[in-house]
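The data blocks that follow each hold one structure.
The following pair of complexes shares a single chain, chain A, combined with chain B in the former and chain C in the latter.
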Partner chain A sequence: MKSLRTGALLLSPLLFVLLAAFVVPLLLLVPTSFQEYRPGQGIATDAWTVQNYVRIFADEFYREVVLRTIGLGAAVTLCCLILGYPVAYLIVRGNPRWRLPLTLLVIFPLMLNLVVRSFGWIVLLTNRGVINNLLIDLGLIERPLRLMFNLTGLMIGLTHIYLPFMVLMLVAALQNVPRDVEAAASTLGSSRLHVFRAVTLPLTAPGIIAGSILVFVLTISALVTPRMLGGPTYQVMATLIYDEYMQLLDWPSGSALSFALAISTILIIWISSRMTKRWAGLA
Partner chain B sequence: MSNLSLRHLVKRYGTVSVVKNVSLEIAEGEFVSLLGPSGCGKTTILRMVAGLIEPSDGTITVGGRDITRLPPNKRNVGLVFQSYALFPHMTVFENVAFGLRRKGESGDGLVARVNEALSMVRLDGYGERYPRQLSGGQQQRVAMARAIAPRPSVLLFDEPLSNLDAKLRDEMQIELKRLQRELKITTLFVTHDQAEALSLSDRVCVMHDGVIQQFAAPEEIYHRPATSFVASFIGKPNHLAGTVKDGAVDLGDGLVLQSTGAAALGEGAPVDIFIRQEAVTLSASASDDGASVPGTIVLRSFSGAQVQYVVRLGERFEVVVEMASSGEGANLAQGDEVFLTIRPQDIIILGSGPGA
Partner chain C sequence: MKSHSLLAAATALAGIVASSHSASAQELVLGSFGGSFADNVTACYIEPFEAATGATVITKLGSSSQHAAAVRATAGQSDMDVVFADDAFAVQMANEGLLVTLNRAQLSNAPEIIDGAWAADDAYVAAMLGATTIIYNKETVTTPPTSWNDLFDPKYEGRVTIGDVSGTSGWQFLAALNQMEGGTLDDITPGIEKVKPLAKSSALLYSQADQVVALFERGEIDIAVWYPDRAGVAAGNGLPLAAAYPKEGAVGIRPTVSIPKGIGQEELAHKFIDTVLDAENQKCFSERQFIGSVNKNVTLSDEVSAIVPVGEALEKMLFLDPNDMATRLPEWTRRWQREVLR
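What follows is the complex of A and B.
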């Protein structure tokens, strides 16, 4: 079949890059994750162990980081969805004159460097930062609120950074909803709220799924922002993996964590997209 | 009572009026078509009745109830879209049940009424399928079933058949007419297809440029058009121009056509005349009463049941004539000198100039 060969040919450059630079190094880490790290000696190559994996679930510290990461991913995704949907709706359904400025406004943060954006949040959120100073000056609070080095800080920073992705996905989805279908529902007796719930929302499900998966994956694998806004103590999986590799040189443990992260990501995406599809009647 | 009446309906976008002071009275159970070229305001009127567009001025009442400012969901109208607009994420059953559920129907009653609607459009047993699994014609039937299931007081069609191929369109036309006769729902049908409008409707409202040109029974629209626009829009009539002279129409070049309406327009008045292609008879010799005019055949084309001729009349005019291919006059050839006979009452005559 000619089309199959053409397809393979078109795919081959990307396929090669992915295989050589991503899949092979990843697979090389599989044996590493089953080896033992002996402090002061390095990686022991003589024995195999599943300790690295068991620890993720058995050790309280690791377990907390894993749950925190997944919880953070879900929360940021939800925040982006709730904040992003109205914006996307306004861009698609609002005055056409606002469409371009609004879209630019959404995209604009993406043009700034990630470190700069995260640092900007530090300036705003820190104990003696803009927000706390303002609130104290206004007499609303006496002590600075803890807005950093905790869940609040990460939520604010990550939601801000990944919101554009969600909005762009939702804009594309909303543009694909035919106005006539919504009009049909309203002539059949649906109030505006019911039209949204029964027609618009389910028809944008593909965009909701795509946007949510994107934001979720980006969030749980984010390194720079959690490091800057979470500090050295408030760890998520990505920062923990980084520390295991770069600070502790415990490659086996870092590898096991990496695989645990990847597998749980795939599982969560698979389950949630199945659930959403069923809800939207697309299955 | 669910007669539909539109009074002095106006829709302006900025300074542009797309619907200009339209008034229509549609009796209960009547099937009325809004016919006109694209951009004549017919779809705007339909959408104003459905509540999807807000009128700038005027009132819409159904059975005496003013619905002008009501939202679409409070109007009890059924709308069938050109694009079908089915809910792609719902089964056929759920699509048809949608409006019924909104009216509080549930349980066995709901199932019975959905099945009743589906069997009216001959889609029994299709309930579990999704719209994407159906053909265009079937989707159109689902759209119709969905619109009629809640028994609306007014049924609206927005060019529902224009996305179907010709054969299917003819079938659906018959289906639609049958359905409307059975249900006796007041119906407003928007189309740019004159054959569709003429064959389906009790009355046709021809529109042009946001204004009603003529609102009458299909036969009257066809045989006695009120304006030049209607005359030229309906059918493909030959358009000639002349002046009234001695109660007949003088076309110049010594060509005179007898016409029943000519005398009423006054001696010397400039007139437009329209002659239907099928109203002309061609013969090799002049008729005895002198009511025929001479011409030359410049083109002949055979199309099955009909033969079409292009006949030159004098210096200024060419007329298209359609003859049955089985009858006399089917075997004339290009270059033949012929005589055209037109019954005086078949000539549509309208005063030309301002106001016509």
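What follows is the complex of A and C.
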């Protein structure tokens, strides 16, 4: 009984901040999302409508943006996992002398401002940017490749920015894998690949889940990088919400989209964590 | 006893500090646009205002739509005392009842201001006259463009930039094309159809005016639908840019100043707007920002007159009713997102 109360007391500052700064403002948006926006006049407070929500599913453009956002989230997560796992493995299992420099290398991008990092990619990827100029000078291409304002640019930028989160999660998970379990499997005649597939990978599943959820959620809610590398043409849900709020002043539509994003995020996290837990034999 | 007197002294001291603070240092928060605009607002409006009133001006930078969103979010207790916003957004704020009706009696310069600058019910007043028109690189474009159609010339393919519909130049260019193609404000289809190929081949659909400077600097574009005032500033910094006014008519921009409701210092805010409307300050701003003045008593230098619309270009200029635009822009934006960008 006492420990429960102590636990609640320890939690309360964070709980209070989350409730006051996150849950309450979110709930305040609920009524707005059911109101109608009349251009030129403002938000109509006298009528209620579900049109803002219906539009997200009925309207082809919104549907495309929603699917694109979720697809982008999944793709960036997969890229981070594939690129990040070997790095994490090398940090934990490689030469201990390399551990610190490698970890620093992974963390280093986090020390730079997000806008600076995204702008760096603009300098590299734009039509007359470093990459295109180099390829043109080498005579490999004649017209600049379109590396920005499309999926390519966003994938590159977001994978780079969120890779450190994945690697750090995987490092923690790999450190928790007891070496003697792997040794036991080897002694019993497993090949190195089989040891990895049957022992190491399932044992790091909690890290994979945590890292994937983190990267996925950060990706689908990212605003700055998609705005800078996607421009006004390549919209994701976060930029669309921003535009509805700040440019069209259509707060009801923006609120409805925000809720759709929040709810789909929670659903996807719930389903994926259940699935992965079953795979890892934790359920 | 001792602690009591100490407390009393501390309270008294705090009182003196607080009252002297509110009496001498008045603060005015100004919602302004960024870039060279903000620098010139400081030089031509804020400095004379601070010198005359002793008040301190704090600027908050943003776009018209961001300012409008902020004024709505803080309805009735705005943190900004005076706001710059394009007329389509100013009229939106006025229609939502967020703005104070300007009192011309408190504005000594009001009689010198052209009639077209005032809102129907004096909810705001235009502070300057800008335009959306064609800006080109004098070194690569040898014959100055004369029509919006020149932008569609195949020789410029991929070397043109136009603005996204979210920015003023974006929807104004759409409106101008639509009118050229025989559409009306209620039927934007001809404009959408016309702009589509250009938007697809555009080097960039810019969403911030200053992005275009970088495109001209890096030589990525030869020609743009942009603002003569920005071009004038960039030309002053050494870029070989010139403005051309199409025969179909450029589109006029009226950035306005207004006072949100419930700020508690409307008199000071009126004084700031009066400073903005003053002939000398208007001339200062126009010459630095390369933008037209709303004060009848301002005569511009030749250098500025070459960039801002004057004479025939001014007569042909298309002015769109901000009330009409505020109701149509959301629909235009939706169609742009769905039909032009995909």
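Following the convention adopted for this analysis, the second predicted complex is superposed on the first by the 283 of 283 C-alpha atoms of A that agree within 3 Å, B and C clash if a C-alpha of one lies under 4 Å from a C-alpha of the other, contacts with A are read in each partner's own complex, and residues count from 1 in each chain.
One rule holds for everything that comes next: a residue touches a chain if its C-beta (ideal position, glycine included) is under 8 Å from a C-beta of that chain, and two chains touch if they have at least 3 such contacts.
If you're wondering where the values come from, they're calculated on a predicted model, not measured in any experiment.
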Practice task
Tell me which partner A:Leu188 touches in the superposition: chain B (first), chain C (second), both or neither.
Solution key: first
Practice task
Could you tell me if A:Gln41 is touching chain B, chain C, both of them or neither one (first, second, both, neither)?
Solution key: second
Practice task
Check whether A:Leu203 is in contact with chain B, with chain C, with both or with neither, and answer first, second, both or neither.
Solution key: first
Exercise for the section: Tell me which partner A:Asp180 touches in the superposition: chain B (first), chain C (second), both or neither. Expected result: first
Practice task
Enumerate the contact residues on chain C facing chain A in the complex.
Solution key: 65-66, 68-69, 72, 91-92, 95-96, 158, 164-166, 203-205, 207, 218-220, 323, 326-331, 333-334, 337-338, 341-342
Problem - Touching residues on chain B, where the partner in the complex is chain A - result: 50-52, 71-73, 75, 77-79, 81, 83, 85-90, 98-99, 102-103, 146-147, 150
Practice task
Write out the stretch or stretches of chain A touching chain B in their complex.
Solution key: 178, 180-181, 183-192, 194, 198-199, 202-203, 205, 280-282
Handout entry: Residue numbers on chain A that touch chain C, as the complex places them
Key = 37, 39-42, 60-61, 64, 126-128, 143, 149, 231-233, 235, 243, 245-250
